[in-house]
Each structure stands twice: as structure tokens, then as C-alpha cells.
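What follows is a single structure, and I will ask about it in a moment.
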Amino acid sequence: MKKLGIGLIGSGFMGRAHALAFRTDGGVFELPATVELEMLADHSAEAASRAAQALGFKRSTSDWQALIDDPAVDIVAITTPNILHKPMAMAAIAAGKAVYCEKPLAVTADDARELTEAAERAGVVNLVGFNYLKNPMIELAREIVQSGEIGEITGFRGIHAEDFMANPNAPYNWRCDPAQAGGALADIGSHIISLARYLVGDIDAVCGQLATVHKQRPLPDGSGVKPVSIDDEAQFLVRFANGATGSISTSWIASGRKMQLDFELYGTKGSLAFTQERFNELKLYRSVQAKGREGYTLITAGPDHPPYGAFCPAPGHQIGFNDLKVIEVKALIDAVCGHGQAYPDFHEAWQVEKVAEAVKLSAHEGRWASVEQH
Amino acid sequence: MKKLGIGLIGSGFMGRAHALAFRTDGGVFELPATVELEMLADHSAEAASRAAQALGFKRSTSDWQALIDDPAVDIVAITTPNILHKPMAMAAIAAGKAVYCEKPLAVTADDARELTEAAERAGVVNLVGFNYLKNPMIELAREIVQSGEIGEITGFRGIHAEDFMANPNAPYNWRCDPAQAGGALADIGSHIISLARYLVGDIDAVCGQLATVHKQRPLPDGSGVKPVSIDDEAQFLVRFANGATGSISTSWIASGRKMQLDFELYGTKGSLAFTQERFNELKLYRSVQAKGREGYTLITAGPDHPPYGAFCPAPGHQIGFNDLKVIEVKALIDAVCGHGQAYPDFHEAWQVEKVAEAVKLSAHEGRWASVEQH
Amino acid sequence: MKKLGIGLIGSGFMGRAHALAFRTDGGVFELPATVELEMLADHSAEAASRAAQALGFKRSTSDWQALIDDPAVDIVAITTPNILHKPMAMAAIAAGKAVYCEKPLAVTADDARELTEAAERAGVVNLVGFNYLKNPMIELAREIVQSGEIGEITGFRGIHAEDFMANPNAPYNWRCDPAQAGGALADIGSHIISLARYLVGDIDAVCGQLATVHKQRPLPDGSGVKPVSIDDEAQFLVRFANGATGSISTSWIASGRKMQLDFELYGTKGSLAFTQERFNELKLYRSVQAKGREGYTLITAGPDHPPYGAFCPAPGHQIGFNDLKVIEVKALIDAVCGHGQAYPDFHEAWQVEKVAEAVKLSAHEGRWASVEQH
Amino acid sequence: MKKLGIGLIGSGFMGRAHALAFRTDGGVFELPATVELEMLADHSAEAASRAAQALGFKRSTSDWQALIDDPAVDIVAITTPNILHKPMAMAAIAAGKAVYCEKPLAVTADDARELTEAAERAGVVNLVGFNYLKNPMIELAREIVQSGEIGEITGFRGIHAEDFMANPNAPYNWRCDPAQAGGALADIGSHIISLARYLVGDIDAVCGQLATVHKQRPLPDGSGVKPVSIDDEAQFLVRFANGATGSISTSWIASGRKMQLDFELYGTKGSLAFTQERFNELKLYRSVQAKGREGYTLITAGPDHPPYGAFCPAPGHQIGFNDLKVIEVKALIDAVCGHGQAYPDFHEAWQVEKVAEAVKLSAHEGRWASVEQH
């Protein structure tokens, strides 16, 4: 069988998740290739070496360009801070490698466009890590929407709220820097935008507001405080191309919320409700039910919801967050082997960034902003 | 003890709820007066007579002015279609009677202002039926907010969604008429606006969108269809005077939702979450909790949450929707007897209507609209 | 219309609930008679007078026999401590009055039998206050069971747990006295037994255990402690006459539980789940559902679930605990006026007590005990 | 680093879960050894070869004894039908290999005792797959219990209900055979028994009933039906050695339940509630809370609940069923490398089987049965 060498850049939260997914994938899915954890790059040789050993990579380097150029590396996985995504992805594209990049793809929509165009020109497989789309229950939601089971979609209300920056003493980090795609909207808001697009479709226009609640944060080294200008929370109205309307919120200071990636989706014949806090469940309401028996049905993930069955043959046992990455990696490997399209790809990530950028524009100018479709 | 004669105009959903509340109040609360169900007015003598008998009123009439003028009537309760609120309330004020009017107070904010000014000039007690504010758990939420238990309030996300107009074949009625304060925003949206104001405070500015999903509806007599222009759903961004931001949604076509009057409210030290679908519960998160024990606490209504104890000495037994009206009527009777201020009064209802009107303006002009404070 | 005079004995938690229900009933339901709050009896003339005024009764007395004998009293409502139920109910039966008695009907099953036989001989209407059976969602559950919608019933798992005696310093009271039908099983366990019988049918045999967790409690007057021998919690296995099996638990020391009257009921074609903590909801599972769409449907109480509509024409608004008593009183008044049978009557309460007594016997002898059917 | 060769017998549901866990473990945890998927045995050479390839094992065989004897195999993992556990485990013990066996350990308690004694005599590491004990939230529950945070434990109410045999046409299989540890109690009931023991401690006595609801089932080959005598559901009362009491239910015909492994656990100062259907959550009630703020706190799994953090550094993201096996395997490998004791070991599994056997005895004889401690 074909062998695919993986080169991973970065070994933080997402780096580990990527490594684990590559390692696990062949045990869960029947893959068209075998996966080799070939090389890991990190900011220093020592860090890279330590991470490579911990995560099971054969080799390590502090030189990510060397990783990209390595002939044994077929897929370049990028899990570094946002600002590094573009140069790394560009280099990988230039080297003709498949690219698997964490979200957000780039710091600006223009950068995302450049990356999309470069990847398409080069014809390399490209995938962006919007892992929550890979949930079998989200696939089910999409199937329910697309099959017309709940009629035409008329409304969407979504949110991605967490509280990891709720403490005003949470130190300043690169996520607080506007030049690095900082802020709640860019950082986690991209998940709920991608979900809205996946389920409802293109967004035509938005109107939003941003709020910086904690106007300064302590420096990590304790040497003082630094002013903050990025958004701690954002809300925006949306108009979809198909006529549906709705609103989306995003916050990283939502005290108490650990993973509130929620939506309610309304159609003319029913509705759906979902929260990532219980992501093995989906609530479905159908308008036509027996009299006195109407209500939301709580669907529990099981083998009837592919690819749940690849993880467990029994319903109700639940998959975990890392399993979403395992599903994502399966899509990547299939695409690299010529089976199907990788999704969500750079093009999709670009569309997501255009929405986020339009929200920012609209917030700064106090008006609606349109989102051009490509 | 003092006797208070009640005159009720209208005997539909809300008319019955008023009647029941007046009847029950003295059994639940120690009142400063006894309540007499004196007279009921309805559109015809026959309807009024039938309703008076069913609801326990002594007399009936088809002439609401006569009811207002009746010397035995001390409190005029108005539960007619919105368009009739103003003339009836004006007449009651002119007669020096206390006025208890269902929401929305009037068809326009200007009408609400006129009513407010007239009532204040006349010095009559006035109360508007935003019954959901009377929930002990909402009082608890307000106490938590005002005591600073969850810090400064930074965000609010609210919704009032039901589905009684979700079916495109739900017939055209006065709620579909813009001249009668029709539309989801005016009809049920006023509840979530009043709740936002009650908990967070004045709203400075809004930016909204309205959507008419079902563009025509059948006439009730089956003689054809009628075009509809009012909103089936609306969403808007809000900026509160205290700096908090948020979003509010309202819909009467939200398939599956029967009483989704929900909010999430975030502060710098915690948060609250509530849904009217389980209105004897409130979720409270406090940022400072023992390590590994953090989470939302589900508080269940009980005697520690006044006036729950007036209904039942044991926690967890639950009060019902009609009990909210019983609490509301208690506030009215107290105010009429000189104990405390009636709240929410006409002035407050006027502020609510200004917000709704600003949402409509902002939606029509595609921009933010400010809400003047009075 | 016929007039019915109510005589209420006792004015505690349940006395107030009865008074409120009688007062409210005619406003909610179209009754075949008018209700007069005629007389209230309590342990002293002063207490009775104060309670009568607070609850709206015309007259008061410290002599309950006088109340029973009063010609204007048609219905005798008994809400005193358990040990007084029998003499009072016997006197009322002897006087040919309708009797409405709180649960448990008597201190022993034998007493309950005597009461049943006396009431049947005298032909007086008799009703016992198992209020939770009056919930529209319990009626729905019964309808679902009896219609065969979920097949043959095979299993039942029930509980009634509260925590009002969880604190070891909760003082000794009559509920701690075995001679007065004390203990969690007799006091609150009767609710879940009545529910099991209402939904599944006769119970043939039980096997239980009782536990006294707090072996002494302080005297209310602070003069010391008193040993306690009644059960703080009990669990028992059940075999129903129709072959279904199950288990039932009851506790009044279940820290955190305020009204956990829950059951899960399994049939060959589906199941039900319910908790009194959210008693306007019922969960229904049907085994035959569309592939990948299976799950429990959360049914919310509404006008399709009689008599919810008498309280509110809109679904999802919720009825409260006191409304259950209003429904119960409706059944009583109907029966007194010759419309239908009062249920649950003394006979049913006797059956419930036989089950509880069999549990105690089985616990003391460490074996199964059969429950004779009558 | 030390190398550990894994020999896996069986490749069904649990076989795959074992394989995946061994494969993944080193990516999640820092292990004291590297793991080699050395050999897989299955009922035929072909099945074994296919499974070995799919699951990533180097070699395969149809001869499980050969696998056990293979010098490269250090750990023997047994995931075959229950009846085969004993001979395989005995052989592995005889060969001095570490044994990792799925639950239930054996078909009778006596067999479990023999296995325990043999393993202890041989001094080999032994572990049984009660995977649900490995949940970080169960560890948290145990910590809360053992620290005295909720006082002395007084009550336990547990259940393990699923519905995979609810359909009367679910075919006869080895789980229906009493000689093979068939029946709901032995098959899935062992999970809730082990959980009760883990949290509350030794069980002194039980009293139970078993029910065979579907008295025959179709043969898998369609050639007819076969009578069934094992239990489809069981309920039993328990008395713990520490004085706590409770009840436990188990069913595999609980229509609608996919993974209802639930418990409620009461102490003198609080309580816990848990369901495996949402196993990243634990509800905690503490009796001493601020007035009016009491309630269950919903704790969400996060890095404060080891070893959650090994899977994900952010709370609320959730681990999945397969991750429980990853944690289990970590404990095994640590023990094999001399770090800590493997738990739950054969001795514990023996205790669990004694409880189940006592339930059966008590059910057949209609009386309480004691469970001897060892």
C-alpha cells in the first residue's frame, strides 16, 4: 500500500491533536495508504526533538522549510500561531505538498485568497481544520437540511462562546494582537461561521459590533500591562444568499462556557438545535407529528450516523473531540490518495475569513457590509 | 377592609388570565384590600354576559365606557387587541381609575408616551402586563445582577421564539396588521426587551433586521389570501447604556418552540442562563469556585425566592404561568392601596416600545438607531 | 345552580392548597355547582379564625365535629396530621358528607379498609389527594400506556425523593412517629406507589428494605433528642399483576432533591420517562422511527393534553403545583354533582397502603410479601 | 525504552477497542515503554489475518495458545466470548504473561476465584476491562466521596440499561446462553456493580429478581426459534458494608436507552448524579450553599480532572468512549512496568461476579443473599 509521510509543524494543543489523529487513523478507518509520522518541526531543535519523541515522529527539526522540502514528507500539517500559516502553507504549496492547516487559514481574507489561488494553481490537496464540521451529528444536520426534511431554511441563530479569556488577568498573548488575527471573532468565531455556511449556505451580508471588554492585560513576564484593542466578544446579523436571516455571537469571555458552539436552525417544516457541549446529540423537531405527541426528538449518535460506526458499533457510547480530528484526517488522506475532495478546503476557509472581515468592517463603519461570493 | 372593584375589558386568553388572577390573589397573598369582580365588558352584550358568568364577574356590558364610568369599578383591566389599548386607557385615566393594560401598551411609541404622560398627570396607578418579569427566578436574577455577585454585566443574548404562526396556513389576523402593532417584534418581542431592560438597564442603540417569511396568509373566512408585510422574525444588536452589548432575537415561526423566552447574561465574575420553558429554574455560574468543582448551578425555585413561598412552602413544587399573573396583580393592588410603585408601569412600557420602534427604523434604513432615554 | 359548601379541617401546607383550589376552581373550569368556602376548623378558635380570614372562609371553629355536622357543609376536606384522618373521615361519612382527604388516607391499611368500607356503605363521594396523578402529562402517559402505543409494559423504575429531612438536625415531628404513619415510605412514598398503580396496574408482591439513617433527632423545643425508628429511605422490588417488574425508591434525606418524583416505564414498543421536577414535560420513545432519527421526544404540555387548556390556551406556558389541586377539586365537585367517579378514591388509597404495608412487612422479615387484591 | 509486545485474542467490538487503545496510548500518555502490536488471534487464520492488517498487528494466528506462548508477546488481551476467558487467561497466567481480560472475567464466581488465585500465585499483572471506571468524572466522583465532601454515604441508586435486545426478533446468540454468562445482569450489569463498589465499597447482601421478557428468540440462521431462560432485566436491593443501602437495575430491553449507566449517590452532606449518556459531566450538590443559591452544579470535564488533560488541554471538549480504553491501557502498561497496581484486577472482577451470583441466588430462592468478602 501507498505510504504517506507526515510532516507536522508545531506541537501545542493542535499539534498534539494532529499527531494523535494521524497515529490513530489507520486503526479506526480502512485507509488507502499507510501513514508515517515522518518529521516534526518546532521553534527549537530541543523542543522539536522532545515533541517528536512524545508524539511518535521519527525525526525532528527546528527548520520548518527543511521539513517541507524533505522528500519523505507528503503532507505538511501546520499548527503554528496564525501569522505563520501563510508563509508555511505557501512554501508547502511551492513544494507541491498536500497542506493541512489549522484555522483561521490566514490573518486577512486577502492572504486567504492568495493561499487559495496558489493551492488551486499548484493542484495540491488542501484542508483547513474546522474540526467541528466533522461531527457525525453535524453531517446528520446537513443531511436533514439538504433533504428538505425540515422544509426551506428561514432562520439561524448561532454562537461560539468560551471563557478562557474571561479573567481580566489572563495574560496578553498573540491572540490579543490584531496583526496576528487576534480576537474572539477571528479565533473561535470562524467555527460558527463555517458551521453556518456548511448548514445554510453562502452569507450575503452582515452587520456587527465588536467589544473589547478588558482593555488591557498583564504581560506574561509580569513586567506590566499592555493595552488590548481586539474584540473579546462580537455579535452580528446575517443574511444568507438563500433568503434566510439570523444572528451569530462569539465570545471568549463568556464566564462558565467551555465549549458553547451552539445553533438553532429553523425551517418551514421543522427545526434543529445543537450544542457542542453535548456534541453526540442533535435535537430535531418536525412540524408534522401525531397530535399531542409533538416535541423535539433527542437523537443520540450511533452507527446510523457515519462515520460514528468506525469508532464504535454501539450507539450512545460517544466519540470525543480527538475523534473529530481522526475523521478530518481521514478526509485528508482520502483526498491525497485521489478519493474525493478535501473539505473544508482553503477556498472555504477564505469565504469564512471574508465573512469575519465583513463583520469587522461593518462594526467599524456602523453599517451593513456585503460579502462577495467567489 | 377596603374593597376594590375590578372592571375587565376583554375575555380572551389574557382576559381569562386577569380574571383568574384577581379571583385567586387574596387566597395566595395577604392583600390590603378585598377584590370584587365587578364588571366585564366584551364586544357584545351576549359575549360579555357569558364571559362574566364563566369568570365570576357580577355584571357585564357591551359598553366599555360604561364600565370605566361605573362607580363600583376602581381598577380597569384592558385585555383587548392592541389598537384598542389607547382609547380605553385614556378613558380610564380620564375617569381617574387605576389602569392595568396588557402589553404592548400601544401601537406606537408616541401613543405610549401620550398614555404615560396622561397617567402621570392624572396620578393614577398604571401597570402593564409584562408578566414574565414577575417570576421569582427573574427577581433572583435581578438581585444577583444588582448585588454584583457576577461582577459588571458585559453581555446579554436573548430571544423570544414561539411557533404559533409557523404554519404558512395560519390565518391572517389582527396580529398581521402593521397598523395594529402586528408582527413578532411588537407582539412577543416586547417581553424579551422588557427583560433585557429589567436585568441590564437602558438600551442606547440598536441595529436590526426584520423578515417576512410567509408573504401571504389565508383569510379566516376562507375567501382568499391576504398579503402580509409585518415581521415573522427579527434580530437586532443592542448597546446598553452601561456599556454591555448583546443581541436579541424574536420569532413567531420558530417551529418547535412553544415558549423560548431565553437569555444568557454575562458578567465579569460569572453568568446566568434562563429559559421560560423551565421558568422555575435559573442557572448561575460564579467564576470563583473550588478547583475542579466549577460549573453552572441549577437553582430550583423555592421559598427562598419570594414570593414563591406564598404559593407553596416547599421548594421544587413549581408555580405556573397563571401564578405569574397572580404576582402581577398583587403588585397592582398594593400600589392602588398606596403600598409601593406599580412596575412595570406605562413609562417602562413606553421605553420598551421605543426600543422596538428603533429596531424597525434601523431595519428599514439599514443602520444603527439610537434610543432616547426619558 | 347548585351550591356546595366546603368545610376545611386544617390550614397548613395542604389546607392552604385545598382552600386555594376551591377558590380558583370556578374560574378555571365550568363547574356544575358553585362553591362556597363555608367553614374552616383548626386546633384552636383563634387559629381557625385567622386561617378562615386569610383563606376566605365565612366561618371558623375549633370543633371539627361541629364543622362536619354543619348543614351548610357539603364537602369535608381533611388536611390534618395523618393520625386524625380516620376519626374525621369516619365522622364525615357518618354525617353523609362527601370526604376529600389528604394522603395517606390512614395510619394502617386496616384503617384504610374500614374507611373504604364505611364510605362505600354510606355511598358518599370520597377522594384522596394524590395530586400528582392529576397532571395532564400523567394523563398522557396513561393514555399512551393504555392505548398500546408503547406495547406491553415490562418494566417500571420509580422514585420519590426529597431532602426536607436530610439535615440530621431537622427536628423530630409527627412524621417521625411510627404510630402516626411516619417515615418516608408512608409519607411521600405513597405518591410513587399510586403513580405506579395508575400507570401499570395492581402490584402483586414486593420485597423491600428500610433504613433509618438519622437515628435520633432534636426535639423541637430544644429540650434534648429523641430516638427515631422510622425509615428515612426505603427501596423495594415490585411485581405487577400483569407480569411487569420493577423497583421503587423513596427517601426524604436525598440531599439536593426537592421534588424527584420520577419514573421510567418500559414497554415492548417504546418507553416513557418523567420527572415531577419538570412536570410539564414527558419523554416518549417509540421503537419504530425513521432510521437515524430515533430518540426520545420531549413533549411539552399544551392544550392537546386536557385539562391543560382550561388553564391556558397556549402550549409551553406551564401549569404549577397548585393547579394540580385545582384539577383534583374539579374531579371531586363533578363526582359530588353526579358526574363521574371521584378518583383516586378511598379504595385506591387502601390499595396503596397495602403496598406500603407489605413493603414494611417484607423489610422486617427479609422476604417477599404478597399484596392481596380487593 | 522497554518494549511491550501485545497479543490480542478476538477482534470484535472490544477487540478493536483494545487494538485502538494500544495503538493510541503512546500518543496520549508518556509511557514507560513502547508498545508493539505483535500478534492477533482469531477463530480462523483468515479472519485473524484480515483483522491483524486492519488493526495494525504484525502477525496473526488462529491458534491462541501459540499467541500466548510467543516470546514477543508480553501482554495477552482477551476479548472473546465470556466462556473462553477462563482457559485463555489460565494459559496466559501459566505462561507468566500479563493478562488484560474483558468483563465479565468468567462465567461463574468460582471460575473468577480460580483465575484470581492463579494470577496472584503467578504474580502476573492482571486487569479487567471495566472501562467506565476509567472516566475522569468517575475518578472525580470517587475523590469527592473519599474526601468526605458530601459526608458519609447513605444511599446509592444505579442502573445500566440499554436496548440492544429490546426487539423480540433480535436473534439468539451466546449472550442468551446461561452457560456462557448470558443475561443482562452478567453482561452489562457488571458495569454498574463495579461502579457501585468503586464508589461506595463492599456489598454485604443483595435481594433481587430476574425477568425473562422475551421467552424465545429466532435462531440467527432463520431455522426456527429457541427458548430463552436468561434475564432480560434484573433489579436488586443492596446493603453495603458501610451501612449504605440502595437499589440497582439492569436491562438490555430498555427501549430508547443506548447507554444509561446512571447513578445517584447520596451522602449526609450532599449528593452526586451521573449518566454515562453524558459522561463528561458530573452533577454535585453540596448541602451548605448560600441561601437561595442552592442547586446541583454541573461539572464539565476538563484538565482539572486527570487524566482528561492528557487528551486535551481545554475543558469542555470531551473525551469519547475509546478514550476510556486508552486510560485503561495506560494503567495496564504502568503496572506491567512496575508503576502502581492494575485496577480493577481479577480480584475485583471476582467480587463483582460474587455480587451478580448472589443476586441470581436470591432471585431463585426469593430471599436475601449475603456476599462474602475476600
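Chains here go by letter, A, B, C and D, matching the order in which they are written, and residues are numbered from 1 within each.
The rule is short, and it goes like this: contacts are C-beta pairs under 8 Å (C-beta built on N, C-alpha and C of every residue); 3 or more make two chains touch, one makes a residue touch a chain.
Keep in mind that what you see is a predicted model, and the values were worked out from it rather than measured.
Enquirer: Just to confirm, which listed pair, B-C, B-D or C-D, duplicates the contacts seen in A-B for more than half of them?
Expert: Repeat interface, by the over-half criterion: C-D.
Enquirer: Please state whether A-D or A-C has more C-beta contact pairs across its interface.
Expert: A-D
Enquirer: Taking each chain's centre as the mean of its CA atoms, which one is most distant from chain B?
Expert: Of all the other chains, the one whose centre lies farthest from chain B is D.
Enquirer: Quick check: how many Å separate the C-alpha centres of chain C and chain D?
Expert: A distance of 41 Å separates the two centres.
Enquirer: Need the CA-centroid distance for the pair chain A / chain D, whole Å please.
Expert: Measuring from centre to centre gives 35 Å for this pair.
Enquirer: When the C-alpha atoms of chain A and chain C are each averaged to a single point, how far apart are the two points in Å?
Expert: So the centre of chain A lies 54 Å away from the centre of chain C.
Enquirer: Return the residues of chain C touching two or more other chains; collapse runs of consecutive numbers into ranges.
Expert: Expected reply: 257, 295-296, 300.
Enquirer: Taking the touch rule as given, give the residues of chain B at its contact with chain D in the complex, in rising order.
Expert: My answer: residues 140, 284, 289, 291-300, 304-305.
Enquirer: What does chain D use to touch chain C in their complex?
Expert: Listed in rising order, the residues are 150, 154-155, 157, 159, 166-168, 207-209, 211, 213, 232-233, 235-237, 239, 245-247, 249, 251, 253-257, 264, 266-271, 273, 285, 287, 294-296, 366-368.
Enquirer: In the complex of these two chains, what residues of chain A are touching chain D?
Expert: Interface residues on the chain A side: 13, 16-17, 19-20, 23-24, 26-28, 30, 54-56, 162, 164, 257-259, 277-279, 300, 302, 311-323.
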